[in-house]
Amino acid sequence: MIEAFEAPAYLETLLLVLDLCGVFFFAVSGSLLAARRQFDIIGSVFLAFLAGLGGGVVRDIIIDEGVPNAFANPLYLIPPAVAAALVYFRLITQGRLRRTLLVFDAAGLALFCVTGTQTALAAGITPVMAILLGVSTAVVGGLLRDVVANEVPEIFNPQGLYAVPALFGSGLSSLLWVLGVFTWLTAALVMLAVFAFRLVSLRRRWWAPGAAHGWRS
Amino acid sequence: MIEAFEAPAYLETLLLVLDLCGVFFFAVSGSLLAARRQFDIIGSVFLAFLAGLGGGVVRDIIIDEGVPNAFANPLYLIPPAVAAALVYFRLITQGRLRRTLLVFDAAGLALFCVTGTQTALAAGITPVMAILLGVSTAVVGGLLRDVVANEVPEIFNPQGLYAVPALFGSGLSSLLWVLGVFTWLTAALVMLAVFAFRLVSLRRRWWAPGAAHGWRS
Amino acid sequence: MIEAFEAPAYLETLLLVLDLCGVFFFAVSGSLLAARRQFDIIGSVFLAFLAGLGGGVVRDIIIDEGVPNAFANPLYLIPPAVAAALVYFRLITQGRLRRTLLVFDAAGLALFCVTGTQTALAAGITPVMAILLGVSTAVVGGLLRDVVANEVPEIFNPQGLYAVPALFGSGLSSLLWVLGVFTWLTAALVMLAVFAFRLVSLRRRWWAPGAAHGWRS
């Protein structure tokens, strides 16, 4: 449709803002997990940093364009610190069991699948591989959080879809880029769709077929 | 023996083919683990990608020559997808408990210790350190698979040797390169030897001495 | 105070020596964990390498200046091999339960928070972000060791402080650099302080407040 999509001037700001919001949402999920597991404030700060920054750091290491954003830009230190503080002062509480954690996790997932894909595209990765990298960015932060805290990663939870909404969002995000219509508005729409998709799948307990056909009837 | 070993023209193709086969074998082991743990098809695809691509991605990140192969070459998406499909349609089944999984894992181990070492050597890493990187490549995919799925990693299983065959294969592979005789034939022989070594060690339940002498009598 | 701090000529040697010592201490903690878990000698060597080299490799990958030290300099192979041998021949034994392991872990923590911060600063990372990287270096080796062996990571242990001494050491280390007074002597003093801080916190069972205020009374 267009020979070389010219990234809009504000794209960098757009990605930075969305990325920082995604970091915040995942960081809250980390601190809430720490509260649920009765870890101390140090464990809470640590899980906030790991869940918030883990996905983006792995993405940037794979893209291999110098020091990862999270270690180059001090702004990235703020969202995890704020998240741990909000949980500590109980301005964000767990609500009914795991529900609040999962809502924040879903918001982080929605933002990171979009920013991950766009960051990869901006670094010159092809649209198809950028989808893979977007899904990885979205999934890795929560995965590190769960593995380190010895929880079964959410991606394996049979009730609700996790990677599928991320794949959907990364695919749409990559398509918007190819079509040259990736803007604040379209980005927001994709993120809302992913967020809604994930939450509806949780509420309705959507499930995917088993790993081996007929194994789980 | 030779001043500067000239890599054969077909070396790149050789390594790509072997690497893709190794990805496939490890990917099958990931999907079989998902089936055994009654994860869904998403978890199966995820473990196929993680087990299949994890070792090579870590290797490429350490070598630090741009974007890892698995994220640069779309061919790498095929083996994990095929592996998850084969397990889903039960064209590969678990056989008696964990046996099939371990056979595919052994095949992946045999291929990756060779391709990991050669990729490192081709990137200018010294022969001794290439052995360390080869073993890491071979071991990391299965390790990530087991850690994420909360299994005890196969490397700690007291029955059968895991890292030793990989070390043996990486060492031989590095030696072949130094001697300038790394070809399709010699590579195949080393991989067969590693595969056989691993399977015989499993069947005969070979074990290594304990971490502390006399601790385990 | 000074416009551009000129790194002393011996800084490289200083960092290498301290880094190798830190690798040794963490490697011993890995082998001791293997002995306690009754893993075999292979598992012991593996955990020695993972705990000893893990933190530095992650640090070097994030700094993104070529192949990580541990894969570029064969000297790094020696400390983990020596550590596994010392544990095997029972020249280092577990003493009373986990105590010896924790002493070696504390020594590694003390050294790595300093060398991690300095390596980051030498690579041009800003003083504030270098602190984050120093803490990461100090914490990651032990974290990988515990996650892979399926232990609850020491950082989540409610009795004793882990990340706080590392943060204290990284902060001081970064300050020394900025003031231009980072030398053998000051480095040694910081490391001793971190080591003592960690051990006293363990003995006195210092604890941090819970992740959510009032949650744990």
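Chains here go by letter, A, B and C, matching the order in which they are written, and residues are numbered from 1 within each.
Throughout what follows, a contact is a pair of C-beta atoms (placed from the backbone, for glycine too) under 8 Å apart; a residue touches a chain by one contact, two chains touch by 3 or more.
The shown structure was predicted, so the numbers you read here are calculated from the model rather than taken from an experiment.
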- Item | Partner chains that subunit B and subunit C have in common | A
- Query: Looking at where subunit A touches subunit B, is over half of the residue numbers used by both copies, so same, or under half, so different?
  - Reply: different
- Query: Rounded to the nearest 5 degrees, what is the angle of the rotation that puts subunit A onto subunit C, matching CA atoms?
  - Reply: 120
- Item | For subunit A paired with subunit B, centre-to-centre distance based on mean C-alpha positions, whole Å | 29
- Query: Going by the touch rule set out above, which residues of subunit A reach two or more other chains?
  - Reply: 61, 64, 147, 150
- Task: Show which residues of subunit B lie in contact with subunit C when the two form their complex.
- Result: 61-64, 125-126, 128-129, 132-133, 139, 143, 147, 150, 152-153, 155-156, 158, 161-164, 207-216
- Which bits of subunit C are touching subunit B when the two form their complex? 31, 34-35, 37-46, 57, 61, 64, 66-68, 71-72, 74, 77, 84, 87-90, 93-94, 147-150
